[in-house]
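Chains: A, B, C and D, in written order; residue numbering restarts at 1 for each.
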Amino acid sequence: MSEFGLFNYWVVMLLMMIGFYIVIAQGNLVKKLIGLTLFQTSVFIMYISLGKIEGATAPILIEGVTLYSNPLPHVLILTAIVVGIATTALGLALVVRIKESYGTVEEDEIHAKDESC
Amino acid sequence: MFTVAAAAVLVAMILALARAFAGPTLYDRILAVNVFGTKTVLLIAIVGFLMGRPEFLDIVMVYALMNFITVIGILRFFEYAAESESADETIKER
Amino acid sequence: MTILTTYISWTFLVLGGFLCISGAVGLLRFPDFFTRMHAASVTDTLATALIILGLLLQTDAWMVQVKLVMVLVFVLLTSPTASHALAKAALHGGLKPQLKIARGSNKAGQQSEAEA
Amino acid sequence: MNMETVINMVLLSLLVVTAIAIVRIKDLFAAAMLAGIYGLLSASFFVMMDAVDVAFTEASVGAGISTLLMLTTLAMTGRFEKISGNYRPRLALVLVALTGALLIYGTLDMPAFGTAAAPVHEHVAPRYLNDSYAEIGIPNAVTSVLASYRGFDTFGEVVVIFTAGIGVLALLMRAEKPTPRTQTPTASMHEHMVLRIVAKMLIPLILLFGLYVQFHGEYGPGGGFQAGVIFASAFFLYSMLFGLSEARKVVNHVVVQILAALGVLLYGSVGIVSLMNGKNFLDYSALSADAVHGQHLGILAIELGVGITVTTVMIIIFFAFSGRNQIEGEKD
């Protein structure tokens, strides 16, 4: 798999930037959260790629295998995923409340309403 | 031989993804997502054999399960959303 | 594992792979939603069954075999059900099958129910 | 180029394509579905990267739960994004390109992908891989690191999840009870006889599978986090098909909230017990005369705590969202 070189990380950066772009350039709050999820997932991909060792196997120990991938990133990301969904849920809850108070989830409309108050 | 099967599944995944992008109606997309999910199930099962550690088939179960639940969820909430919007808007999409 | 089971398993895998691709081509190329659904759901179920059977013949570990059978049962239950629900929802949602192909789409519904 | 590389390449390119499609699409329902596909793809990629436990979690969370939550929210906030000319994507693009270029410049110093001699692999990982079996006595290194070596860290994560659950509850709970009578599943879902019967067959299977994942986590991919999500998904399925008020009858709201707290409490009290026995916080070897046996007990207990908390918090979150959905529907 060494043909990969750094290509893997570059793809991750690309994904991360796409997520970033959605977060800063698009006005819909739900879309922003989707972008945030993309960003988050690309970070996960980054960590997991770091843990991979060429020719190794999953870190569940069995007889006769000596080369395992690094389990540490797996642990970090496993918990991060579940925490990620919990925080995303919190964000979505906020969006729902914003929709109820402002009647919209578009960023510019919310700003306009804020200023007119 | 796993290679052939894996390649076939990959091609099918790409085609299904193309349909998911193309649309035209939301139902087409749901169908494509469903097909894509089943193909992922197959891909992971085959990859387990390809990498020589087929004992991780639990993951495949989760994929199949989540695929089903997602499709049901989409249908359910799409109905909710369709109710609140005007009826003809749900059919005419881009 | 004997030569015979190896060949049978290969046949299953290749056949399953072929069905995967043909179903996906149908999904992409057919003219309206219900025909696409027909192409996708029917081949989907059969291809999954074939590939999993092919994999089943490749292993001797009973735990792996049990899990594969579980996956197979699960997919055979859920996949046609999901297709059925989707077709029904589409029909309720106001999507009408193209009249010339209407018979084909009915068949898709029946078949996926029969498989369930 | 062997097959694994090809699969990796294809998965990565599909990820990029999906991400770009998400940017371009204006139908938010479709965007949420594509985000689900993105989750499935990244989970498949994790399998290719040997991270089976992570793939397990990502498949159930990224592809399943998060899509469902997005969709519930969208059912309330409206399906289409407003197309407005107010935003200046060019400025954003410049900013993004700049940041991306800097990050890629940063990667140039990194060791090539997959090298065994990379610094990451030389810090603590060898110790985990070489000694964990002797010290903890379970084959799944991820579980032993998660539950034992880094148990304190995981405790923090569980508390975060619990807090998020409380936060969602605080935001979305109405003081007055939603009148249960108005809750009827929409007509067409009501007619889904096939769906309901299959779901009735599936739900016990799902719960059984959840139990298997919960207690098999020491020997294969799985554990409390994953099992919690799977358990919760069975309840999601039930509430989606039979209606929220029916589901509320099955899982009492108060009980669920108490259980969520109890899970965290169970985790913490294991730590207290080991403190009482003169060892460090969450050092499970204090739980039994035999250190390895104690580790087993401790991991079992805290995984149970994690499982309970994750299940109940997911249920709380989902029910809070769907409950809100109904109130919204009432007003219209």
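The rule is simple: contacts are C-beta pairs under 8 Å (C-beta built on N, C-alpha and C of every residue); 3 or more make two chains touch, one makes a residue touch a chain.
What you are looking at is a predicted structure, and each value in this text was computed from that prediction instead of being measured.
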Legend entry - Common touching chains of chain D and chain B: A, C
Inset, instruction - Have a look at A-D versus B-C and report the one with more C-beta pairs in contact. - result: A-D
Inset, instruction - Please compute the C-alpha centroid of chain A, do the same for chain D, then give the distance between them in whole Å. - result: 12
Legend entry - Approximate Å spacing (C-alpha centroids) for the pair chain A, chain B: 20
Legend entry - Whole-Å gap separating chain C and chain D, where each centre is the average of the chain's CA atoms: 29
Legend entry - Contacts with two or more other chains, residues of chain C listed in rising order: 74, 78, 81, 85, 89
Inset, instruction - Would you please write down the residue numbers of chain D that are in contact with two or more other chains? - result: 4, 52, 72, 74, 78, 188, 195, 202, 220-221, 328
Legend entry - For chain A, residues contacting two or more additional chains: 57-58
Legend entry - Touching pairs among all chains present in the structure: A-B, A-D, B-C, B-D, C-D
Legend entry - Complex interface listing, chain A residues touching chain D: 1-11, 13-22, 24-31, 33-35, 37-38, 41, 44-45, 48-54, 56-62, 67-75, 77-90, 92-97, 99-100, 105-106, 108-109
Inset, instruction - Flag every residue of chain D that touches chain C in the complex, lowest number first. - result: 188, 191-192, 194-195, 198, 201-202, 205
Inset, instruction - Show which residues of chain B lie in contact with chain A when the two form their complex. - result: 51-53, 56
Legend entry - Complex interface listing, chain C residues touching chain D: 74, 77-78, 81, 84-85, 88-89, 92, 113, 116
Legend entry - Residue ranges of chain C in contact with chain B within the complex: 9-10, 13-14, 16-18, 20-21, 23-25, 27-28, 33, 36-37, 40-41, 44, 47-48, 51-52, 54-55, 58-59, 61, 63-64, 67-68, 70-71, 74-75, 78-79, 81-83, 85-86, 89-90, 93-95
